[in-house]
Amino acid sequence: MRRAGRTVGSVIVALVLGSCGFTGDLSRFGDDVLVMSNLAEPGSLDPALQSGVEEQRITLALFEGLLSYDPKTLRPRPGLAERWDVSRDGKTWTFHLRPSTWSDGRSLTSADFVYAWRRVLDPPGTHREGSADYAVASPYADLMDVIVGARKYRRGEVDDFAAVGLATPDSQTLEVHLEQATPWFADLVCFPTFMPVPRHVVEYERERWTHAGVMISNGPFVLDERRPGAFLRVRKNPRYWDAETVRLESLVYLSTDRVDTALDQYLAGESDWVRGFNPLKARAWRADPELGRALHAPDYLGTYFLRFNVRRPPLDDVRVRQALTLAVDREAITRNLTAMGEKPATGIMPPCLVTDPPWRSLRGRGLDHDPHRARALLAAAGFPAGKGFPLLTYSFNSDVKNRAIAEAIQAMWKDVLGIRVELLNREKRVHLARERAGDYDISRGSWIGDFNDPVTFLDFMRSGAGNNRTGWSSRRFDELLDAARTESDSAQRIALLQAAEEILMVDEAPLLPIFHFTTAYVLRPGRFAGIFENARDLHPPKFIRRLP
Amino acid sequence: MSGAVSLPIRKSWTLRVSFAFLLLVGGLALATPYLDLADPDAQNLELGPTAPSTEHWFGTDPLGRDLLSRTLYGARISLLVGLVGTAVAVGIGVLYGMLAGWWGGRADLLMMRVVDLLYGLPYMFFVIVLMVWFGRSMINLFIGLGAVSWLTMARIVRGQVLSLRGRDYVLAARATGLPTRVILRKHILPNIAAPVLVYATLTVPRVMLEEAFLSFLGLGVQPPAASWGSLISEGAVLFREYPWLVLVPGAILSVTLLALNFFGDGLRDRMAAEDHPA
Amino acid sequence: MLTRLLLGVLTLLAILVASFFLQRIAPGGPFDLERDMPEAARQALIREWGLDRPVPEQLGLYLKGLCRFPPDLKRSMVQPDYTVWEIVGPRLQVSASLGFAALCIALVLGIPLGVLAAVHDGKMADRVTMLVALTGVAVPAFVLGPLLKWIFALELGWLPESRWVGPANMVLPAFTLAALPLATAARLVRSEMGTILRGDVVRTARSQGLSERRVVFVHALPGALVPVIPWLGPATASLVTGSVVVERIFDIPGLGTTFIDGAFNRDYTLVMGTVIVYSILLILMNLLTDGLLVLLDPRARSARS
Amino acid sequence: MSRAKRVSAPVLDLVWDDLRLRFPGQKNPVLDGVGLRLEAGRTLGLLGESGSGKSLSTLAALGLLPRSAIHVGGTIRLGDTDLLSLDARARRRLLGATLGAVFQDPSTALNPYLTVGFQMSEGLRRIDGIPGREAREICLEALETCRIREPRRALRSRPHELSGGEKQRVLIAMATVRHPDFLLADEPTTALDVATRGAVLEVLLERGHDLGMGLLLVSHDIFLLGECVEQMAVMYAGRIVESGPTRRLLTSPRHPYTRGLLAAAPRLEGPRGRLPEIPGHPPAVDERLPGCPFAPRCSLALPSCAQERPAWVSLGEEGGFACPVTETEG
């Protein structure tokens, strides 16, 4: 009787606990597990739909493209393509696939790539003969614009996919025709947007195809479990072509989106790797030897800047923009405020960008901190000592760092130029929508390189480009970029691009560069190998192993 | 919620102590601009965060700003939000409650049913939505917080009016044909002033708490201005590293809320005692 | 009861319409990104979601979807891998269990605290008890939460720091969340209990020679609980709001953060889904407490019959 | 079983001796020397206006005074036991078993959340340890003797399902279900409809008589008491001003206050018309004079009345009174 009662009791307890929605213990794959605070809930696991780094981190585990990143240098190395040829004019790339399979055993062919790329390019909402069963609105579809005919096709100006420069001579070969020689194309095909998707699952399961238990992928890991808002877990894919290189049994991505909570989780031993840091804590962490060793901050391929809305006076006056730029002591900001080893910026190009020949920084010859010149320029523009300068607003999206920087710059402008600006703390989507609509005076922005080439840091400021948002345009700037596009000599090309940067960041100054990013992260020292500091914060999980 | 319950405070010393404390806080808040304090927004990036010391009594934040000065200036904003938010709540609540009580009957039934229903809604969500979608201006803050705090006030006023309506002098005033507006203003309003005032003192801490709550979600006042709530929420994430950043303003906010609650409850108990002498 | 139900449905509808219009008036949309997506894709998404149509028409379509069985809450706009229900469902489980645990703590501790205070009316025990209870009113959750976490998780290491792995993860957040309703419950019970203990019912019971414990718990307590019941509805509402803070501090995959993040991300469908779930929950809770009151309070029952 | 034991025990009188009580914040005592004797098996009426202290005197015997009340002096004795010095436990043992009580307002005295049966049988079950079924029978019997119609239904019902008169009869049954030696009834009919008062009073007296209880009936109505009780005591401003056999008090009252009450009360027989009222009203506790508290309203008062506390004039079997003026009359 008593035993029966106890049984009933434990059943009830089990039922109650079962309905609480607990996630359960995450590490059920032994010791070779890496728990990472990913700091965001992934939007979609569909490679075509990705737009954020947190998704890319997961995609690098689940999928592999034609080429893949070297964990140290991030140079493209063979992925699904065991080798590739580039034609002499640099316009035709031929990828030779190795035999490989999806995680369900079905073999993966060049047709899978054509399907995946077509899915990215198909204008969403239209259904064309022979097109993918359902089209997606890929936020990075424009990366494919380098392929012949891709831009016209995705904009719906051409209906025939045959016009797009893709060919599959056989099931193991993919031929890509580019508009121009594009040296960074090898880099591009490592990007999620270019990764293959399993047509047999995608078309059958449609939007559900990324759910755990349904999803089929081709990377070193496969999706094991997914709890929105809590975590995502992948486990080793035994069918991966290079499975023996893969050492981790499983990877857990915690969705914890508040960096401070994630840091607490690290301190409590609940996570080993936090993909971010709160710079306000830097002093305290650095003061602690153990924590200081865990804190990394390599340079990152990105720049933090302010946009000036040049449609609005007095910001239409280049002298005002230059004065505002010159007045900001960017060293003080990076030294004391961001404090994670960021480099103060004079140009848009981050110093960690590798070019051949090396990029000549604008530092020392651009609009560096210079209060005297700033005051002189402002006076020349008709506002001596800031007199008569209208009250401008400085909008930024709510974030501790943005806020601290805004407050610092506000104070600097007041001290140096005697002008007042009003801070407008807006929630992210509002901030972005207003910025897009040109409804701002001064607005915080940033640009992260899509690939390792200077073009990515200049193209977005072309006249009328969607990400320009300042209303600024310069024929000369556009022409220089166009010239660089067709220039095949590397040194010449870099010279043209440097001239463009000078126009953008010195002569015209529609952007006020503050600093070049670093990516701060916290990694438990001495526990993992195969994680290297690099400029894009990309760490292919394939090469990570746990130290004994 | 706190409106319906009472505290064990019948001795008036708690009333006096809390009143003195509130007076002190209010006085300091008013006098802040005239005190010889560090500029609350003046950054000292080299200095960074320092623990409380003789130079900075409350310490400094990661931007090297003096926390004492920021706390005092924060008091101005927190109290302002609390008072104006309460004023909005009182305005809506008194009007609504008075009309419901005066009209009585079906209108009253309907209006009170509406209040009942609104009671059960996660009202703060609407404030959040308001602040997220329409910008976090002070005006929105006042309106939002006031709009969610009027329900209990309306109930109390309605009850009072309902009982006053039958009093002789009100009946007499009605008999002389005075317009409703005048009766409400001259005869009803002065008589409900006391309970309204008491409940208002209990609303202030709630509004302040709600503002702090919004600040925690990043929806409070605009930088560089800081309320206690935003100071606490900034400090809360730095708890391990720089504990004074949350402990100091947290303690001050808590004690002030406690004092306001004590004060309001004390007032109510005293009033109840006057209503029903033992 | 039927009119109450009808009123509940009407309220739900009003909330739906209001939230729908509010979020469409608000600036910013789900497809505004830091790095613009191609204009063609953007336009296509806007068309696909019908965001280019007049708002009333959008509302009509949405309501039509709701009338289906099972109701169609649509797909999340920002997390397109999932339907709204697939996101909200598991999170509702988490939030509901957390809220329920907090409510239990609030009642299980708050009621005895209130009783204790009332029994020792005016004495030290009363004051101490009520001061403890009052901290719940005066110490906001976002101060209490980190404090508890710091003490019990990081310093003492007794409890997990955050996340929602198992029952142990429930303890700190539930107590943090319970602080405010606990204080309120204690104050409600104390006040009502005080009145009852001075009243006739207790005098009769005492004149029977019953033990003080029996007088307090059998004769006084049921009456003292009466004001607690109608408070349960608003209390649930406050738990719901309070849980946003607690979910953030303890990194719990609950409904509150879903709502806030949804609002921030302009995930229209997700916000609507969350609003619907919350509203239904609260309306049900209010109906339930009404029913409970009628069931428990013989006076209310006789007033009705 | 236990009841049988108690019946055989010697029954003692309940005596209030010079009981004085004070409340904090008041300088004068609210009870200022109350002396009463409730003899076993007899009936005593306690007469007084509201605020005179008659309820407090009753509650003091039951140990149910407000917590703030301060015992200044005097005793309430049951035999040799001083009830006021008993600890809570010992006093509780007396309640219900030796002392029963019925209060004024039956509408609030019963617990609305519990069934009548539960409340009635609680003492039997919890204290006397009588099994539920048997306790129920005892309750049924008590309800029957208290003339409750359908006693079985009454046991099952909750208080709000009963009428006011029924409630008070239930309370009488409840107070006497454990056959106490004394029943203290504080204005048991005041809150009832005039129509039911008589019946309830009848039940009360009958029940008291049947069980051989000493009955203290507290009332402000001199004629009601006059019809029911053997002995009567008149209270004014915290003091007993006159006591004695009912007949004596009604026919030859000695204290001017008693006389005033008699004159002011409406009679069924006799001439209708405006009744002579006692002018003024009873003083608040702190307005009481050091001498006779009735002096300001007394037509016979001498200047010294206000200052000197009147001595108790004993009339032996005929009771006594406290008035120096009328002392000389007889």
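As written, the chains take the letters A, B, C and D, and residue 1 is the first residue of each chain.
Following the convention adopted for this analysis, a contact is a pair of C-beta atoms (placed from the backbone, for glycine too) under 8 Å apart; a residue touches a chain by one contact, two chains touch by 3 or more.
Quick caveat: nothing in here was measured; it's all calculated off a predicted structure.
**Student:** Would you mind naming the chains that touch chain B and likewise touch chain C?
**Tutor:** Expected: A.
**Student:** Spell out the chains that contact chain A while also contacting chain D.
**Tutor:** Per touch definition, common to chain A and chain D: C.
**Student:** Of all chains present, which has the mean Cα position farthest from that of chain C?
**Tutor:** When every chain centre is compared against chain C, the largest gap points to D.
**Student:** Quick one: which pair of chains has the most contacts?
**Tutor:** Top-ranked chain pair by contacting C-beta pairs: A-C.
**Student:** Would you identify the chain whose C-alpha centroid lies closest to the centroid of all protein C-alpha atoms displayed?
**Tutor:** Here the chain at the core of the arrangement is C.
**Student:** If you average the Cα atoms of chain B and of chain D to get two centres, how far apart are those centres in Å?
**Tutor:** About 52 Å separates the centre of chain B from that of chain D.
**Student:** So what's the Cα centroid distance for chain A and chain C, whole Å?
**Tutor:** So the centroids are 38 Å from each other.
**Student:** Return the distance between the CA-based centres of chain A and chain B, expressed in whole Å.
**Tutor:** Centre separation, chain A to chain B: 44 Å.
**Student:** Would you please write down the residue numbers of chain D that are in contact with two or more other chains?
**Tutor:** Touching at least two other chains: none.
**Student:** Touching two or more other chains, which residues of chain B qualify?
**Tutor:** Within chain B, residues 132-133, 240 contact more than one other chain.
**Student:** What are the residue numbers in chain A that touch two or more other chains?
**Tutor:** Touching at least two other chains: 258, 264, 267, 427, 430.
**Student:** Applying that definition of touch, give me each pair of chains that meets it.
**Tutor:** Every pair of chains meeting the touch criterion: A-B, A-C, B-C, C-D.
**Student:** Mind listing the chain B positions that touch chain C in their complex?
**Tutor:** Residues in contact with chain C: 1-2, 4-8, 10, 113, 116-117, 119-125, 128-129, 132-134, 205, 209, 212-213, 216-217, 229, 232-233, 236, 239-240, 246, 250, 253-255, 257-258, 261.
**Student:** Which residues of chain D touch chain C in their complex?
**Tutor:** Touching chain C: residues 62, 64, 66-67, 88, 92-97, 99-101, 103, 105, 108-114, 119, 122-123, 126-127, 158-161, 171, 174-175 of chain D.
**Student:** Using the touch definition up top, name the residues of chain C that touch chain B in the complex.
**Tutor:** Touch list, chain C to chain B: 7-8, 11, 15, 19, 22-23, 25-27, 117, 121-122, 126-127, 130, 134-135, 137-143, 146-147, 150, 154, 184, 187-188, 190-191, 194, 227, 231, 233-238, 240-241, 244-245, 248-249, 259-260, 263-264, 275, 278-279, 282-283, 285-286.
**Student:** Using the touch definition up top, name the residues of chain B that touch chain A in the complex.
**Tutor:** 41-43, 45-46, 48-49, 62-63, 132-133, 135-136, 218, 222-224, 234, 237-238, 240-242
**Student:** Show which residues of chain C lie in contact with chain D when the two form their complex.
**Tutor:** Where chain C meets chain D, its residues are 121, 198-201, 203-212, 214, 218-219, 222-223, 296-299, 302.
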